[in-house]
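Paired with chain B in one complex and with chain C in the other, chain A is shared by the two complexes that follow.
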Partner chain A sequence: MSAPMLSVQQVSVDFATEDGTVHVLDGVSLAVGRGEIVGLVGESGCGKSTLARTILGVLPPHISTVSGGRVVFDGENLLDMPHRRLARDVRGRRITLIPQDPYQAFNPLFTVGTQIMDLMRTKSPAPGGLSGRARKRFDRDRVIQVLEAVNIPSPAEALKKLPHEFSGGQLQRLMIAMAFLPNPELIIADEPTTALDVTIQAQILRLLRNMADREGVAVIFTTHDLATAYQLCDRVVVMYAGQEMEDADTDSFFASPRHPYTYGLLGSIPGKNAEVREIPGEMANLADPPSGCRFRTRCARAEVRCAEARPPVTECAAGHVVRCFNTANEQVAT
Partner chain B sequence: MGYASVWKILPIVLSRAVWVVPTLLGLIVITFVLSRVIPADPVALAAGEAATVEQVEALRVKLGYDRPILAQFGTYLGNVFVGDLGRSLFTDREIVEDLADRLPATIELTLVSMFIAIALGIPLGILSAVKRNSLMDHLVRILSVGGLAVASFWLAIMLQLLFSMRLGWLPLSGRYSGFAPESATGLLLLDALLDLDFDSLSIALQHITLPALTLAIPSMATIVRFTRAGVLEVLNSGFVMYERAMGFPESTILFKYVFRNALTSTVTQIGLVFGLLLAGAVVIEAVFNWPGIGLYAYNSILQSDYNAIMGFTLWAGGIFIFVNLIVDIVHSLIDPRGTA
Partner chain C sequence: MTDNPVILDVAGLAKHFTLRGPFGRVRRVVRAIDGVSFQVRRGETLGIVGESGSGKSTIGKCLVGIHEPDAGDLLFNDSSLLGLARRDRRRVARQLQYVYQDPGASLDPRWKVGRLLEEPLVIHADHGAAERRELVRAILGAVKLPDAFLDRYPHELSGGQQRRVGLARILTLNPSLIILDEPTSGLDVSVQAAVINLFKEMKAAFDLTYIFISHDLSVVRILCDRVAVMYAGRIVEIGDVEQVFEDPRHPYTRMLLNAVPRIGRPGARREIGGAGDIPAGEEVAGAGCPFQPRCAERLPRCAVDEPLPENLADGRGVACHAVAAP
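So, the complex of A and B:
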């Protein structure tokens, strides 16, 4: 396998809070190939947004520290890249974001056109030779074309409107358009449907999938919902309390899950096996997390060695890796 | 693109303007009632200590103070309506004339103070927020708390002692030394500027510096605090996070997007700050012997000159309502969502 476009290697992130240091990410690794849609799945608070912000280099200043690891994008470690170059050449150009809450992400006082055109001013994929009027025309044509692609009716009119004149679904379509406008290589979609009405979530997901396929863009899609990951993603990475637990092709993942935590999650999908299985115990406290595997305090199969060190990466099938000492057992009881 | 067009804000302006009349009416009722429940007898005061009881009663009838209160109010309201605020019980001059004579001095002082408060307060507030927890931020915060806590008259006297008495850099009091030049607008600074008369401009500036600065300080402190809080809040908002994640230039984020959002709350404060200025002007004008409406109100209060006090109150209330109307208009220009 050739080197992936993006590889997150052993990344750890701490937050300084009033209650002391919170160890949010603990040596997280994952990789994304070109054009691949990877689902990052985990309960709320497990660190999905933190990982997204780490990749983009926009962790909250002062209170956060990346205490280890690398984020290698196209051969370069983004964590070492000068801020200025990161902001100018990577963020919003090669890697873009679809945020969780489109209501929050638009500035309420400016028309969406102003905000979209400000993005295009520095992030337009216009060929280098274009300038002046030709560049303006290119940008405008591209905006109209992409707004049409995300099914915004009469795009020229839409640009003149303020954010509050749109529904949540329309706003998220605009956000998707903005994510595609710079013609990026990777889009980070951080729970892009969580803030939306359930009735339109499926539409938005389908749109995202179709656009990504057509443009050949890779996507990291975070969600707390395994069912949407199943519908949308080529590969699924499960994270618990800031550690990735299992990483597999979608088919292999759902056909034969290996990690006890994944079992627990699959049991939590309503309607699948009629009864809803809750994972016993509470989410690990990130200020004082369990040593070794952070899931061990809730795991029915925990052993002494689980507390000593994180289990190593074990490849249990082609393209299916798991971090658990107990993967030899096909049947993991929960 | 951007700022709302005049046509969009016209309905908002009208809907606010409609409230001006009832608000003013309420103000008149309150000042009138207050003037009649105060225990002192204005007629006795006006008649002087030597007056006999019969003379006082005669004066009371002459001034109409013996009539039923509602009738008095009716007359007063009718008079106010045609711009007649009555006569001063002491100078026997028309209150309106007294006020008109002193108005320009106060307007000049308040405008200059307002300008200082805004021109320094907003940038300091922004800087303080952007450089949060820096030495600069701490200094600004200490000064802004101090600026609100310190008593104006004390500060005024201290500044007089330092800059006028000890250093001799600035005049102690008054608005101009010698005869003020012939004035077209009543605003000395503006006149001097229009005439390109830089000598007069310099004299007037020297006189206005200390009172305007002292008057501006509490307002400036308020503006700094609200601007700082506003910018900090906006810096934490989702759209700033999004714009940073999308690599918008930091200058665009700050000066275009954050600035305008933070300004909405500051502008609302400016209306209230103007109240601080009006109240402060009474003290400051008295300390600096500034020949404006504040000094007039101060003297009227000392002499229980009721008509004059009511005239001042109406003026202050009216101008306050007017300024807040302007604030509403500016607010709706900044925030195009039309939250009428």
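So, the complex of A and C:
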């Protein structure tokens, strides 16, 4: 891969809470190449949304601090970029978001058309010299074309409707359309299919894949479901307690997973006849994380050194990294 | 299992909701379930699957009397649950428990676990105080929580532990049939695995029968003996889990199973399965098969003539003209 389009380097984020400082992200790194779909996989509370917010520069003010690292996008560190420039040039324009809950993303009082055309006016680059009516017509054509691409029936009619007149699946497709409309380079999809039925989920995944391929857009897709990442993504990054534990291209990841937490996740997926195995214990307390490896309190293979030092992030095969002392780990037969 | 007695017999169950507009005008009648028939044998786990809105919860709520059905009958241990006097219904209802999603979410925060577990027993008043405490301890052990938890408040427990207490509370009523409605939805896989194993253990320990409502087909597969697939308020296929999952016959069952993301063998071609570009479940009205607008195998008669469930040679039931036709 040439230089990645986005690289998150050793990013740490703290939240100030009643229970003290919570280290929500702890030196997390990942990279996204042009047109690549990266799956960010982890259980709830592991920091997926926080990482998405860090990249977009929308962490909750006052309580959050980025205590280290860089987010390099097209050669620039977004964490240093002045807020106004980030808001004007990057967020919603070059990097867009598909949120989990489409009902929250739309204003219930305005038609979908009003909201989408507004977005086009403020966020989408118009071809040189277009203004006034010509600009409006151009925007409208692009909107109709993209709504058709995401299978919204009769797009011109759909634009006149209010958000609540759509089903959940249709609203999710509208959200996808809106994320693609400004011609972004990167889309962050934060668990966009978690609440949907499998049939609709399959449609949304296919749509996302086709649109990303068609428009050459990279996607960070967060999910707690490894099987979804398997189907959709080019790369998989498994996250636990604010750190990436394993990162590999999808084929290598599933052919030879290395991290004990990854085995735990794989073993707890209901399969054909297999018994499901629980991961013992509970998610690490981020206000007071275990010394050394954050996963060690739940790890069947923890050794003394796992408590004494932080395991290094090691490349165990080309492009396959794992945060564990024992990089020679083989999965226990399943 | 197939020799066990039928404890629940549901015949032609229907429930319609009337949505009213301003001034009480009828805007629309939702046929939430229609002509639903199935049987459950003692000790069995019957799964009910289908997309949201297909009528799964409505079945569960009719069984426990939250909804009064518009048609059909419900036989529990050979006697009808419908038309019972309130008091009799309550007595029977105790053996038939409905658990909606997270049973830990509704625990009274002011009560300690010990009192929470004892309270249902006090209400029904058929144990002495010492006996009650003994029972509570045994049940707490069964859901794998130590005695020390009796003195804790719900907020001192993790989400998973609260869920266990919620289940323990239902078990104190000594039910014979538990209807679990989406009990794993919203859980992470590692927690879900623990909950699945807990259900299995409880079933063996307390001699339970389950109706397991879920939209997660993978969970149904490993937990259930039989499965009913619902579409638009009807059962479109019902049979042994292995039969239905290995060789689905109804086009809708096939579409649903195809859409479940699965991790393939190394080297396999990765692709997104599922529903093609068939429109998602839009409201359908009128005669004919409710699935017909999305169906790739529809025949001319599907538009005019609703297929009824028919038993195939292998014992399963399927409601589809294309399958029944020779």
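The rule we apply is simple: the second predicted complex is superposed on the first by the 324 of 334 C-alpha atoms of A that agree within 3 Å, B and C clash if a C-alpha of one lies under 4 Å from a C-alpha of the other, contacts with A are read in each partner's own complex, and residues count from 1 in each chain.
One rule holds in what follows: contacts are C-beta pairs under 8 Å (C-beta built on N, C-alpha and C of every residue); 3 or more make two chains touch, one makes a residue touch a chain.
All values derive from a computational prediction rather than experimental measurement.
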When chain B and chain C are modelled together on chain A, clash or fit: fit
Contacts of A:Lys123 with chain B and chain C, given as first, second, both or neither: first
A:Ala87 touches, of chain B and chain C: first, second, both or neither? first
Chain B versus chain C as contact partner of A:Thr114, first or second or both or neither: first
Which of chain B and chain C A:Thr96 touches, first, second, both or neither: first
In the superposition, chain B vs chain C on chain A residues touched: C
First (chain B), second (chain C), both or neither touched by A:Glu215: neither
CA minimum distance (chain B, chain C), superposed complexes, angstrom: 7
Complex interface listing, chain A residues touching chain C: 43-44, 151, 153, 167, 169-170, 197-203, 205-206, 209, 224-228, 230-232, 250-251, 254-255, 264-279, 282
Chain B-touching residues of chain A, taken from the complex the two chains share: 53, 56, 58, 86-88, 90-93, 96-97, 99, 101, 103-111, 113-114, 118-119, 122-123, 160, 162, 164, 178
In the complex with chain A, residue positions of chain B that touch it: 1-2, 237-239, 241-250, 252, 256-257, 260-261, 264, 334-337
List of chain C residues in touch with chain A within their complex: 51-52, 158, 160, 188-194, 196-197, 215-219, 221-222, 255-256, 258-264, 266-267, 270-275, 277, 279-282
